[in-house]
Amino acid sequence: MTTPTAALVAYKQKRRLTRSRSIKPWYRNGSLMAGIIIVGLLVLVAVLAPVLAPYNPITQNLEDAIQSPSPAHWLGTDQFGRDVLSRLIWGAQVDLRVGFLAVFIPFVIGSTLGAIAGYFGGWLDTILMRIVDTFFAFPFYVMVIVLVFVFGSGESSIYIAIATVSWVSYARIVRGEVLIAKKQDYVVAARLGGMSHARILVRHIGPNVLSQAIIYAMSDIVMDIMAIVTLGYLGLGIAPPTAEWGSMINDGQQFITTQWQLATIPGLVVVVTSLGLSWLGDGLSDLLSPERRK
Amino acid sequence: MTETPVLRVADITKTYHLNTSVLARITRKDDKQSSLHALDGVDLQLNKGEILALVGESGSGKSTLAKILVGSATPTSGELDYHGEPMPLHRNKDASRRIQMVFQDPYSSLNPRISIGSMLKELLVLHNIVPKSEVRAESIRLLNLVGLEEDALQAYPSQFSGGQRQRIAIARALAVRPDILIADEPVSALDVSVQATILELFATLQRDLGLSILFVAHNLAVVQHLSQRVAVMYLGRIVEVAETEELFRNPRHPYTRALIDSIPRMSAESVNEEFFLDGEPPSPFNIPAGCRFNPRCPYASDACRTTDPALETVAPQHESACIRASELDTLALTIKPRRTGNTAA
Amino acid sequence: METPLLSVKSLTIGIRRPKGSDTIIVDDLSFDIQQGERFGIVGESGSGKSLTLRAIADLLPKGVKVLSGSILYNGAELVGMPTAQRRKLMGPEIAMIFQEPMTALNPVIRVGDQIAEGPRRYLGLSKKAAMELAIEMMAKTGIPDPARRARAYPHELSGGLRQRIMIAMALSCGPKLLLCDEPTTALDVTVQHQVLKVLEELCDDSGAALAFVTHDLAVVNQTCSDLAVMYAGHIIEAGRVKDVFSDPRHPYTKGLLDSAPDFDQPDRDLVPIPGFPPNLAARTAGCAFAPRCAFAVDACTVAIPPTLEVAPGHKAACIESERIFEGILA
């Protein structure tokens, strides 16, 4: 036959890692950086609310009601004399917490179910996906509002309502990704390596499919914050007097002709938050998408 | 051969049913079109320490057979013996370890998010191949075996070229110390100059480790250099098996002849004109009656359209599924090529 | 000597970067194709062979441009020719066949109509006459029952039949030059054999020249009369097929021939070329093949070797060619 050893020796001598990754570093990614800065600042403000807020956000002071911005109250006061800036700062805590948690729970449930359905297929997949289809048939807001009505207003019922409705998106995204990933030869190779289904799903498929769900989660946080704001606006959200952006917009709109800043400033904060999260999602999708790693 | 083959399959079939929704069953009158006979009675054995080439065109079922051999697909019917013992339908950790696979596409076969070292370590630990303390040393040994070095341990698949990836995939297959390697077209996605290095690697593995290798390919020229025996597959069945030299010198199935004559040649003197095959492989949805090759076969007789020939011994170590196998030599001289055209300079 | 049908001179293709350091993919390429010649371009992936072909057909991918050089077709300059004028050449003068006919054919138009479209537009044929020509072309490419198959959609046909449709379409307007980009790579070996035969016969009949890009040396040997071997964007050897195959004068060509299995020499050892094709972004100063070349000397790493005539009609770009090959081949 052949004389491979000599050739192999020659081969080895010239062997070196040919392709270095010529990907620009993550900090050179504009939208990712913008997203990190905005979201980071918001999180910082929320965490440091007790230190940053000049006033108690709940204590009423009717003598100072409806004041225009002044050195004492930078953004003025509302109809109960509460400092708007302080309520915005404390509101960040509530809205971001609810936003993140309302995404985290359906993310975990939906991804897990979707991954299992996609990986094992069969009747399990059929049943689960029909359920998902059923949920998708209802408009998001209608479902959330109905569920909050049923469970009663308050933070925990918002979590339950949003989780009940939005896990289906994650299930569908992750299932689709798993269907693609499980056909890859490396999954077959892992099976031939004697690995259990659980190990393959968690260690080999998981990291390759979650990026899409994470990217979606960023835009989902935006949607959930909007939902909370909407619910607050409809009077179904976080019970007053807790500071929350949605109810602030709702309360402020009756004074829109005289004290426009009462509704507009919280509205702007919501817009900036959404923008930050969207950029973060864009940046992450650049960073995590598989073709960058090829 | 008196020695028990390391792997033997007998009368393996694999049928895929498509369009089996209720509506399709009602509207479609005959059921013929909806089932695909990927494998239609395959008999084959792999002997210890040999490289057996499995050759066929697309749709011949060679990849399906490879999947069944490694256990990632289950046959519809048939027997699969490993060292003379029936292989369980669902293999446990140790059973699947024995038969490993090298894939065609070196890009899809490596997980982009797992480093080479981590990939090897996982397998070595899972199967207790070596004590924990020696995992690293063993990983380096495996890499050296396939012509790579220690620095590959930290690297991710994206940092390697196609040929290097194929080496890594081979190292992964070897990590669990199999005695059979199924290679599914392992060089067809690689550049010519790289192909030779991988072919040599397989030859080395066979010689130094005593591995038995089933090498699936569509390129007969590649096979001729590497394998000791060749099995030719056509539409879900083995139509000829022989030792390599014998098969190329004395093919006893018209399809094998056509394959050999279709190989593009490297020297001008040997430009082949002899044997021109009409038509294309029929669809496995609709396998012809009688001999499955008869619609394309220039030697087909009436008997060929009614008899489905079985694989029979035509010479020592040489089996063919053609009822006219013994006449082929004389027939070749009397039958003219079907087309005569201007030929290349 | 008469004017060549196609004359490529100092063609350089690359990606223009705003900061000046352009990425060069095909570097200073020159070759001629005569009327009716069958010219093979051989190389491995990344050698620039397909881009060269695409530059001739004005089908370069977005961002990739002809940076300098000229492509003369029958004496007319194609580089910089207005698009409208150039498009008129594609079909009646130059046609192209691709590796994967499924993506080159329109999936929602019957194949007969797709073939007839060119003759109607360029030859001014009536709808009926164009369809008759289409069916005739299909018959010529060996498609059985062409009148019926003309009414089929691409997905209803096998890979081999689709490639025949592509050939019928490409030759329907009687082009003088047929560009083929790995036309048989995706086909099975018996079908490849058939398709190559059809291609050869039809080109002989119509007198069309063939520019045939492939990575398969044996296919070139069977199909072409002349060839150019490309490596990392350069032609490193060119000449008559039989001269180059029997007496290669560049170590890379020799390496390719030695590493490819030859059916007629089953006992010959396969000798792989060590190392890997170079990274185009990180070009070295000297011969692109030098890092993998067993015969490389210091001078090889200094400058890109000039193309020298080593025998009549046989060129190689290797400064050591004489030393390497005079001794080996008597």
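Which chain is which? They are A, B and C, in the order written, and residues in each are numbered from 1.
To be clear about the criterion, contacts are C-beta pairs under 8 Å (C-beta built on N, C-alpha and C of every residue); 3 or more make two chains touch, one makes a residue touch a chain.
Small disclaimer: the values here were computed from a predicted structure and weren't measured.
Relative to chain B, the most remote chain by averaged C-alpha coordinates is A.
Counting contacting C-beta pairs between every two chains, the top pair is B-C.
Note: centroid distance chain B to chain C, computed from Cα atoms, is 31 Å. Averaged Cα coordinates give chain A a centre that lies 51 Å from the centre of chain C. If you average the Cα atoms of chain A and of chain B, the two centres end up 48 Å apart.
Residues of chain C in contact with two or more other chains: 270-272, 276.
Chain A has residues 2, 7, 11, 15, 18-19 in contact with two or more other chains.
The set of chain B residues that touch two or more partner chains comprises 161, 164, 197, 200, 225.
The touching residues of chain C, counted against chain B in their complex, run 38, 44-45, 144, 158, 160-161, 188-194, 196-197, 200-201, 204, 215-219, 221-225, 241-242, 245-246, 255-257, 259-266, 270-273, 276-277. Here chain B touches chain A in the complex through residues 70-72, 92-94, 96-97, 99-101, 103, 105, 107-114, 122-123, 126-127, 147-149, 151-152, 155-156, 158-161, 164, 169, 172-173, 175-176, 197, 200-201, 203-204, 207, 225, going by the rule given at the top.
Across the interface of their complex, chain B is touched by residues 1-2, 4-5, 7-8, 11-12, 15, 17-21, 184-186, 188-195, 203-204, 207-208, 290, 293-294 of chain A.
For chain B in complex with chain C, the residues that touch the partner chain are 57-58, 161, 163-164, 191-197, 199-200, 218-222, 224-225, 244-245, 248, 258-268, 270-271, 276-281, 339, 341-345.
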